[in-house]
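Every chain is named by a letter (A, B, C and D) in the order it is written, and numbering of its residues begins at 1.
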């Protein structure tokens, strides 16, 4: 789960990371009021959980409350990479201006199996670009699980990044705070870009990004409440609530599969056979184990809520659950939903033949291999398109 | 022969009295796995009965280990208690821990894996289907009916996709030494490399099937390892070529982050290491079969 | 630093350990008032940092506020193993009486280099006695530093101690809380004896004992403030404030030594040669490095504040600091203090001969070996006793 | 020959610019110890000058290690920063860490020692005088002037009491291979047993002197070890026979708790293991000398 900038920064601040004074507005009038209360010059920032807001025109300066209102009016309602801006953050500008921009983040290094702190004096820009062009300007330290962040690690980063020595102590507090926040809130990323040295010679986190591990939300109820429901489609929400893994894509063949790996493989095979005809997977969908009628019905509704879908491929491997039971569940669900696009069902595994027989008897199109199923689904979609 | 689990496996099931735990323990006992006991805190002293046998239930793994001399433990407990269960098995001296539980927070697994490493204990999973040595031991939920003994080692991050491959091999009469799902979480126990090393050393394994997916760089690391150390033929498939960056494909680890973790990178690395990479998963059994001749 | 029972229990309670309602009184009238506010029957408990209070008559039951006042009057001012009772704790009696007494503690196992949780169903009595007579009734689990206390560890203890299953969850909270308290406050011991099952079937910590690691007090200012200054002699306080390690013993030969190991060895040798004449060390005193005039003077004052002292043995090994410098410091200090008991100075190490020459010139009795010095000090003390 | 420190020691001093650190670094350099650099956060780029040489100061041990290839680090920093300094040295790949700092909280040392053990790094101390291999390397504060090269290994929990014994040995013309103060804290680095094993293996060490004190059971463990594994003669003294129970005699570890940790128990165990236990410390040199003949 990605937090908004203002949420991330507030969490950082709980662990002693200095952030600009500011507040969130949902209307231009509110923006004006906040700017007036803050006094001085502000920056108006679109709150969408995606990078590249600046380039998209989602971040603008304002010298007066009037200007803040105008800029907020411009930004609110904008579409940035598919996200509608519903909130803007009004922050005080860095006091005395910005002398230097630094990059600082805590993330998980899967290869090392540790958390990692990453710093660069080349802040403010896309860190992946820095990493590609001048990797020697990025410094990394790993956090030993049994040890935590230690003073010498931030000293190393500060020394390597050549930060002014008089700021090392404050920098250590920010590094320790950012890691504490990462750890306390089960983040997979806490990032400050830029961490600036203000004209007054202080460190301040001007931007913030934070990703929370969904699996940890049971122990962080208040973080769960930070989820921005506006950023979720109705289908995604329904999927989340019914425990189905569902991700909308832009193809025309709906896929319903049990198991994430098999779901990805099914998408790949659909694309393999469909690409030359402009066909591809419309979604990733893992219905989990069992494939009971109710789950299948919910999954079908999710898939069909996308009007681009021209055919549906159901691919179920019967393991512990027998194929004939699965087939009956599918028929029951189809009976409920009555879909108006062609369906191809591929059953494999335990009692697959029996299952396919049940489906064939109900006039369903079935397949034995995954390749066969994908080819049939592509044909059905093309038939549907030309129909 | 086989790797990790076999006739000498003395299996303990943590969470044996739960719904999933009791169902699958029954399946394992029916398969012939040597289940020696179970653990459910507060239910010590009860018995678990299945397949015409009964095994004792203990309050803690320590007590179970002392009474049964179990060497392997299978964890079937909910996510919020699963990490404790891993530590418990480790502290009791269990040698191989298999954790099926999904949705364990990743920072918990970083700590747990680091701890297990200091003790030299092997973990499979979490969020995995477990292991199956056909005809000897089923430790997890891989359906016993789809596998037969043979000379192909199968290792995978996936569940049902693996069953597909095993099923296809079996249908062509090709049996398996051991089938292992290592799970698709970002931080897990034994990785491809460690399993590849075990298969390489297993005299009965003649070929290896390795099924990867997007996310992380375990497949690239495996490719480098194969190029240097693995002499047996390896056939592979990487799921997720059509997955867009930044979207998690079910498994917590299956996500393309920036330019890292793409299927292309993994397939290229494997191909360069001499691995045959299948375009579709149903090609795998055919490739393996051709190699048999 | 040993805490009082009431301090320990309050700290336990901060970590969720259930304790009886109660408060501390310094006068019988206060005790009456507290008992009245608590209602019902209470127990009046002497607050001294030492075991065996019950046997010494320092713990008494009271059924009414009047009785509480009487019992408090009896206990306040009592001497228990050298400690004057200045405070009593007035606790509610366990609701419904006591069904079972349990022992539970967290301590440091030096041999295993880990913290250890120890539990026994044989609570209420001296645990060392249980350990000697029925060690199989004490159950132990070690806490892995990188892991902390886990549920299965308290499950093991509860199961091994055969606690009622319906209390396991509460027992786990108490185990976890007691360890948390141990860790958070840098204790070397947190002990509940007894932890009782009340007649109402609840767990409750009736007594509490806690020792804090003195070396950690810099990061626990509030614990430092809990030090009971009444329990310290003036000499001990002066020693603590001037960084001298000083412990009063009951012999007649004062010892001033640089280094703790050498100080113990000096005491041992004094006893070796003096025992047959009724002479022994009057104190342990380590003045630390250097032996500068001011430290020596303070140390001498501490030693001479004990009227039993009949001779003083100064034993200094000159290592980095040269013996002649040490000798001059000693003379300067003696000049300030003008002690009226005989003194023997033994210098060894770098420039020891030069140092001894300086002292001999000032008519000080000197010695070359430690045995020689001890024998001279014993002779001096005996001479002093017969003078 | 010698153990742990010698001519190949490449020493780093953490806290080199502090009052104690600079004084003793000067002493070590004058003694001829190969000091290759120092660390003080915020003073990287400066130089430390003594004994007609100068060595660089770095901000972190990592940087110092990279520049100087130090293999040993001596810690001279205040108690509240000392544990960080230990972790820093360990993470930078230092092989032997010597920590002189006293008053480190014991729970911090439990964590630190457990961590060092997982990395296989040796620690001496804390709260110790360090090591001295006469004529080769002085790593700590044991006065160089009182020792001469020879064939007796000295290990002790104490500081000045050890100097006494070394001084007495030297005065009788008996030299030392290496002298080591392991410190008197409850939880420390290398213990008697580990040092005894090193002396046993050192071909130039012919006799061992071991000075213990009340508290803990390290001396009893050492006795058991000696009985089984040490063939060289050991002479011992245990300080604290007159110490009353429950009172800490200076060192954080020197305390008799209940019935554990008494001098009697330690002396009995050592005697039973064939160790000659001296009544007074000034007997030790005489006993060792007699054995020389």
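In this text, contacts are C-beta pairs under 8 Å (C-beta built on N, C-alpha and C of every residue); 3 or more make two chains touch, one makes a residue touch a chain.
Since the structure is predicted, the reported quantities are computational estimates derived from the model, not experimental observations.
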Separate pieces, if any, that appear once subunit C is removed in thought: one piece
Contact-richer chain pair [A-D vs C-D]: C-D
CA centroid of subunit A to CA centroid of subunit D, Å: 54
Approximate Å spacing (C-alpha centroids) for the pair subunit A, subunit B: 28
Multi-partner residues of subunit A (each touching 2 or more other chains): 144-146
Multi-chain contact sites of subunit B, meaning residues that touch two or more partners: 111, 114-115, 118
In the complex, subunit A residues that touch subunit D: 144, 146-147, 150-152, 155-156, 158-159, 165, 168
Of subunit C, residues touching subunit A in the complex: 145-146
Subunit C-touching residues of subunit D, taken from the complex the two chains share: 24, 27, 79-80, 103-107, 110-111, 113-115, 141-143, 145-146, 156-164, 167, 184, 186-187, 211, 213-214, 216-218, 221, 237, 239-244, 247-254, 258-259, 263, 279-282
Interface residues, subunit A side, partner subunit B - complex: 108, 110-111, 113-115, 128, 144-146, 183, 186, 188, 213-216, 218-219, 245, 247, 249, 257-265, 267-272, 280-281, 284, 286, 317, 319-320, 348-350, 369-371
Complex contact set, residues of subunit D against subunit A: 41-42, 44, 59-63, 81, 84-85, 87-88, 91, 111, 114-115, 118
